[in-house]
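Once you scroll down, you'll see the structures, which are given as structure tokens.
After this come two complexes, each holding chain A, first together with chain B and then together with chain C.
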Partner chain A sequence: MLDLLIIGAGLAGLTAALRAVEAGLRVKIIAKGMGSLYWATGAIDVLGYLGGEERAVASPWERLAELDAGHPYRTLGDTRVRGAIDWFQQHIEPSGLGYRSADAHNLLTPSPAGAWRPTYLAPAGQRAGAATDDRPMVIVGFQGVRDFFPHLITRNLSAQGQVVRAALLPWSVLSEQRDRNNAQLAECVDDVHTQQRLVDALKLVVKPGERIGLPAILGRHAHAQALAHLQQGLKTDVFEIPTLPPSAPGIRLATALRQALEQRGVRVEIGMEAIGFHAEDGVIQWVETETSARPLKHRAHAFLLATGGVLGGGFNSTPAGRFWEVIFDLPLTVPQDRRQWFRPLFLDARGQPAFHGGVAVNAALQPVDATGDAIYANLWAAGSLLAHADPILERSLEGVAIASGVAAAEAVKTKSTAAVATMER
Partner chain B sequence: MAPISWHSVDLSLDECIKCNICTSHCPVSAVTDLFPGPKYVGPQAQRFREGDQAITPDHSVDYCSGCRVCNEVCPTGVKIAEMNARARADMVAKQGLPLRNRLLGRNELLGKAGSFAPALANFAMHNPFSRFMAEKVMGIARAAPLPTWSTSGTFGDWVKRTRGQRLRSAKKVVYYHGCATMYYEPFIGKAAVAVFEHNGYEVIVPEQNCCGLPLLSNGEFGAARNYHQGNVGKLTGFARAGLPIVGTSTSCTLTLKEEAPELLDMHDEAATTLKMATYDIFEWLYELHEAGEFRTDFRSMPMKLPYHAPCQQRAHRVGKPALALMALIPDLELPESHARCCGIAGTYGYKVEKYQIAMDVGAELFDFVEAQGSDVAYTACDSETCRWQLEHGVDLPSRHPIEILAAAYGLYDLARRDLTTG
Partner chain C sequence: MKKLATDILVIGGGSTGAGVAWDAALRGFRVVLVEKRDLTHGTTGRYHGLLHSGGRYAVKDPQSAIECIEENRILRRTHTHCIEDTSGFFVVTPEDEGDFPDRFQAGCATVGIPCEEVPLKEALRREPLLNPRISRVFEVPDGSADSFLATHVTVQAARQAGAQICVYHEVVGLLTEGSDGARRVTGARVRDVVTGEELVVEAMLTINASGAWAGQIAALADIPVRVIPGKGVMVAVNHRLVNTVINRCKMPADGDILVPVHTVAVIGTTDERVADPEMLNIEPWEVALMLAEGDKLVPGLSQSRILRAWAGVRPLYQENYTGDSRDATRALALLDHQQRDGVAGFLTITGGKWTTFRLMAEKTMDKACAQLGVDRPCRTAETPVPGVEQGYYWVGHRLHEVETERLQGDLVCECELVTRSMLEQAAANNPTVTLDDLRRDVRLGMGPCQGGFCTFRAAGILQELRMRTEETAPSNRAARPEEPAWSVAHMQSPRHAMHQQPATLAAGRSPLDNPNLLLRDFLQERWRGVTPVLWGRQLKQERLDELIYLGIMNIDHLPPDDDASPLTEFWQFDTTPGAGSEETT
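Moving on, here comes the complex of A and B:
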């Protein structure tokens, strides 16, 4: 039997699985679909903004203590959060994606709208876009590429003092096919011939001393090689600006984590929607997934819920105001009254109550009821479904996923070790 | 013809969050501009498909192969493949269907017809001249891997001939062989019977119809309904008696379980009873294994066997039980394919305008097999059309995992494709 069944293949689920298998647990992931990293930037945000301040946080490690008492970072404590991020950086290193922080501080890199986006660990492909770099930029787009507008990015960055200009290349540099999304374009750039066409076309555009910003399509499988080819061919730094979904940097991160898991014998089974479970005396026996006929039972000693919030599909709601967690129907801290979900202003600096709420947990990351007692003896939770955090507003999405994923896996390990010790006695 | 129902699919339409994961994984849109991807022809075009509209807003839906990878990867549960199947049926209902598609949809009829004189049928069908003519006249790609009729009798002939030698037992299983095993590959049925009997089960082989999948995927819902109604009539009695109905063709079992009832809106008690009693053979064997009743007295099988779980098997959403059970065979090394689809997708790759698309889609799988090195003697896959495509794409014989199990029990010769006991 499995030691741990993880539900959800986003960053929290994948990270937790990697930590769990490293700790010696038999673990499997089931997920409804491919996982939310497909619409992530591929960078690791830890804490970008605090309490409605306009300026980005300079270093997450100096500010964690200012978060709400119930925030997952406060529950775990600074040391464990930082330990988890360091652990992640170490374990993603073999992927060659080159995740680094700016000397333990946040880095500002351009968003596809031309805003400066604070992030903590940026992949090698994004770091040359840093605001601290004083070289001028040329942002190059491609005619017909969706949702990437170099002139918009340029105008917004210029307004913030960056020396930058825009340029457009024809679509044919990338592909002979007419209709490709960003993930498919990234596959085109896996091909060295496409890379060379890019180098040749960019040579005509770039001026001496400029670094080059491109949409994040520099390879789906051969990113490191594509990036190196471009930088060597152009003799300047090239950086990617994350795109709207599908996001190649997020896909690369998901692929790297899946490969690391596969090498360690962990299966990730997708197309599996959890629709029910069975518990006896407060202990979950199995989770059921939907199939083409009968529900399929997945038995395990422990279960980790990492299904995300509203966007990931972990929560659902009715127009009448009911807001619930979809598998175990865990109580949520979200107001059960539709009128209290949102403040009058869409972009209120304090965020929206509906997105701040979630699954309340104890110090071991086990979902708890109103009295603070664990609801099931063998259920843990991690990722953006946790209560008292607003990962989009705080720019803490990946940090919360990694810190809670690692901590939940460790808590499961501790509990299973204790159970074995009890049995041996 | 019955109106096309959008029941249950319409509800899932609003779940689409436009994340593009489906299109990023679609094996068809990756290789051709003729198919813009599941998001566009599925949930997006769907908003423009109204009941009273003369034609579909997007003919490219015909280039959907129906592999269901989009459903598999969708994070929000949109029934994209079903949307496309219905849109195609809508088109067929309004604009008619070429003879070729009518023919390809009638696998049972073709199988039966050829089996009267299989050697002649094979010659008539497979000589270069008739393949050339079939391409020119009907649009059936001349290089496509069409099956050959069994020249040693049908599976039904074998069942009749060996009736006296079959195991009698209180434990019984109903075997759904489908058309391919009946007319083209009777050895798959023999291997299945051997494995069932080795595990102590008496095998009942009842009268049965084509599952109707070729008709469903060619948009002929009316004819498919007749087939499914036939199977419900012939098989539900066994289901009511508590017997499992187990099949070796993974796309047939998927059709009995889900595709036919869902697409044809056949949710009555009888069809549902059949659905709930139907198993893909490895799904059923795995349950036997979990109950501790699966025999593992396997011989060592020191070889490397690249395994591809076909998209129609993955669409069952039961994991990869064939991989798990073959892993119990000593010394068998099982590299697992992560290829999305072999390309053939039932009858898709037989069509002249789609043949090259199917081969380009399959390249991912062919490359995976070729990367396994030269010491590979066989590949394994649960679906017959995929095995034919795989054999066409890489020069290696392909086997059903049930043949592998039967061989590991010492009951079956993998090279001759026959039982060792005759």
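Moving on, here comes the complex of A and C:
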């Protein structure tokens, strides 16, 4: 029997699985979809903004204590959060994606709207866009590409003092076919011939001393090779700017993690939507999934819920104001009154109350009821479904996923070790 | 100060004002139309889109019913491409009263509305989602209208006949001369809300076609006009649950019309008397009522994905009326202020409904001709507007063109099949100040993602278009048109847009220059429409939009600026603390 069944293949679920298998647990992931890494930037945000401040947080490690007392980072404590991020950085290193921080500080890279966005670990493909780099930039797009607009980016970066200009290359440099999303364009760039065409075209555009910003389409499977090819061919740094989903950098990260899990014998079963469960005496026995073939029961000693919040599909809600967790119907801290879910302004610096609530947990990341007792003896939770955080607003989405994923796996390991010890006695 | 002299000044760029400008221009008058925001920003752009057959009023208000069926026939000729020939059902649900269906049939016969009872089996075959407990179904020639397009092409027709159109021009004062008893309105002072410049429009006759705002305009000449602002709430469902307009066969009430409009279905509406026509807040009970009533027509409607809710304010008018807005007449009201108030040179046209806008214009201009002492017959009923050769709108037309022309790679808005060239042509072809104007032009952001992907794309594309315009016409402003061409008759056609010359933006300062403002304003305007219906799957969609605009774009930390657009002012109206909380009168 499995030691741990993880529900959800986002960053929290994948990270938890990697940490669990490293700790010697037998683990499997089931998930309804591919996970929300496919939508995000592929960078690891730990904490970008605090309390509606206009300026980005310089170093997350100096500011965690200012978060709400119930925030997952506060529950875990600075040391464990930082340890988890370091652990992640080590374990993603074999992928060749080259995740680095700026000397334990946030770095700022251009957003596709031309804002500087703070992140903590940036992959090698994005780091040359850093604001601290004093070289001028040329932002290069492709005529007719619908998700990347160099003139918009340069307008806003210029307004913030960056020396930058825009250029457009013909679409045909990338592909003969017009109907291509970012993930498909990235696949085109896997081809060395496309890479060479790109180098040849960019040579005509770039001026000496400029670094080159491109949409994040530099390879889906052969990213490191594509990046190296471009930088060697152009003799300058090239960086990607992640834009609308699907996100090639996010897909690369998800792929790298899944490969690391496969190498360790962990199965990731996609297309498995959990639709029910069975518990006896407060202990979950199995989780049921339904696929087109047949219902399946997944038994395990421990279960980790990492289905995401509203975005991942872990929560649902009704017009009557009911807001619930969809598999175990765990209580949520979201107000059960729809009039309290939203503020009048979309860009309210305090965020929307509907997105701030979630699953309340104890120090071991076990979902708890109103009295603080664990609801099920063998259930843990990790990722953006945790209460007292709004990871999108705080720009802590990946950091919360990693820190809680690692901590939950460790808590499961601790408990199973204790159980074995009890049995041996 | 700039001065304009004209025969007829029309105040209001909704369907009525556009109709009056068109009618007056066809009769050979010099015309200036002023509208404080975009065309159809008011009630015209906030209704459910029903082209009435008159069936709805056959029992309650036969005069309105006759006007509706006559105008229905005319608009099918003059505005064909703005209409989808959906036909309409009046259905008798188990809740509907006993003898009404027979009175309905008799009423239709009396006023001349073609009405046939459809066998239940046949009705359910055509509309399989209809409530199977319906007992009788009658078919009438209802239709589904695109009031955005219809008003734009009416204005294009007016302009071709010589009218001058000034959108984003707000009336700040009426010019009057003479003293009490012999006063006369001689035009208006108007402010360009984008540049802040004022101009004076002198007119032989000023026509107040400002709908729900008619009282505010008349007050500028100290004339009391008590419009009854009747707020109606509508809810859009993300599928065409039906392809036929569905009406409840009963006395008109709340939530008894379901209209297929383009790719969605709209259930409407409520009727609440409000204090101010800008008071467009939506209460939870209003949405709940629409969904509950919708379930009676199409069981399970309330469980579908709800895209958006919005409110429009009817310009109801009844002299000395104090009751509920639901029971106030829907008839048009033409106020001759010379007769009524002793003020010459000024007419108010209000009340009525979209279906009768042409008739309202005709009656207004008949009265105007009489006052000016000329005899010029109305020509609008026989004059098709530009673009009718496209035939009736049908829901597959965009997909068909996108597929045959292989434009999939150019889609900016996948939900509503808006291509890049459609967006560029619309921006260049009629005055465009905000992305919301482009929504009304080409349905940008009106689909399931509610602007999640296309808001960013539109801002980026317009920034490129601006750069391109400046590169191709460098420092030579004369090379750029002073005013947009107002060629809008085909703006819904991907194929037509593709074959046009590359778009060039007109000269002049515009909020379009600031893409950050475009983003902020449009996202906020979308937010206002989705918050009343955010739950379930649509809430998940909204969270994805947050991931995009906060997480990926970081648009809440763009370089600061103090720019504002007319749309900023509009959404600030009801996000200011305390707004909308006053008691309705």
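Here are a few things to note about the model shown:
The definition used in the following text is that the second predicted complex is superposed on the first by the 423 of 425 C-alpha atoms of A that agree within 3 Å, B and C clash if a C-alpha of one lies under 4 Å from a C-alpha of the other, contacts with A are read in each partner's own complex, and residues count from 1 in each chain.
Please note the rule applied: a residue touches a chain if its C-beta (ideal position, glycine included) is under 8 Å from a C-beta of that chain, and two chains touch if they have at least 3 such contacts.
Everything quoted here is computed from the prediction, not taken from an experiment.
When both complexes are overlaid on chain A, the residue A:Glu54 reaches chain C alone and has no touch with chain B.
Once chain A of one complex is fitted onto chain A of the other, the partner contacts of A:Ser111 are limited to chain C, with no touch recorded for chain B. Once chain A of one complex is fitted onto chain A of the other, the partner contacts of A:Gln177 extend to both chain B and chain C. In the superposition on chain A, A:Pro245 contacts both chain B and chain C. The partner that reaches more residues of chain A, of the two candidates chain B and chain C, is C. Residue contacts after overlaying the shared chain place A:Gly313 against chain B and chain C alike.
When the two complexes are overlaid on their common chain A, residue A:Phe142 makes contact with neither chain B nor chain C.
Of the two partner chains, chain B is the only one that A:Glu269 touches; chain C does not reach it.
Of the two partner chains placed around the shared chain by superposition, chain B is the only one that A:Tyr38 touches, whereas chain C remains out of contact.
When the two structures are aligned on the shared chain, A:Pro344 is found in touch with chain C, with no touch to chain B. Shared contact residues of chain A, touching chain B in one structure and chain C in the other: 36, 39, 177-179, 245, 311, 313.
The part of chain A that touches chain C in the complex is made up of residues 36, 39-41, 45, 49, 54, 56, 111-117, 144, 146-149, 151-152, 155-156, 159-160, 166, 177-180, 242-245, 247, 309-311, 313, 316-319, 338-339, 341-342, 344-347, 349, 352, 354-355, 392-393, 395, 397. Residues 17-21, 23-25, 29-30, 32-33, 36-37, 71-77, 254, 257-258, 275-276, 278-279, 314-320 of chain B are the ones touching chain A in the complex.
For chain A in complex with chain B, the residues that touch the partner chain are 32-36, 38-39, 177-179, 181-184, 187, 245-246, 251, 267, 269-273, 289-294, 296, 311-313.
The touching residues of chain C, when paired with chain A in their complex, are 284, 287-288, 291, 302, 406, 408-412, 420, 453, 456-457, 459-461, 463-464, 467, 515-516, 519-520, 523-524, 526-528, 531, 533-536, 539-540, 543-544, 546-548, 550-559, 574-575.
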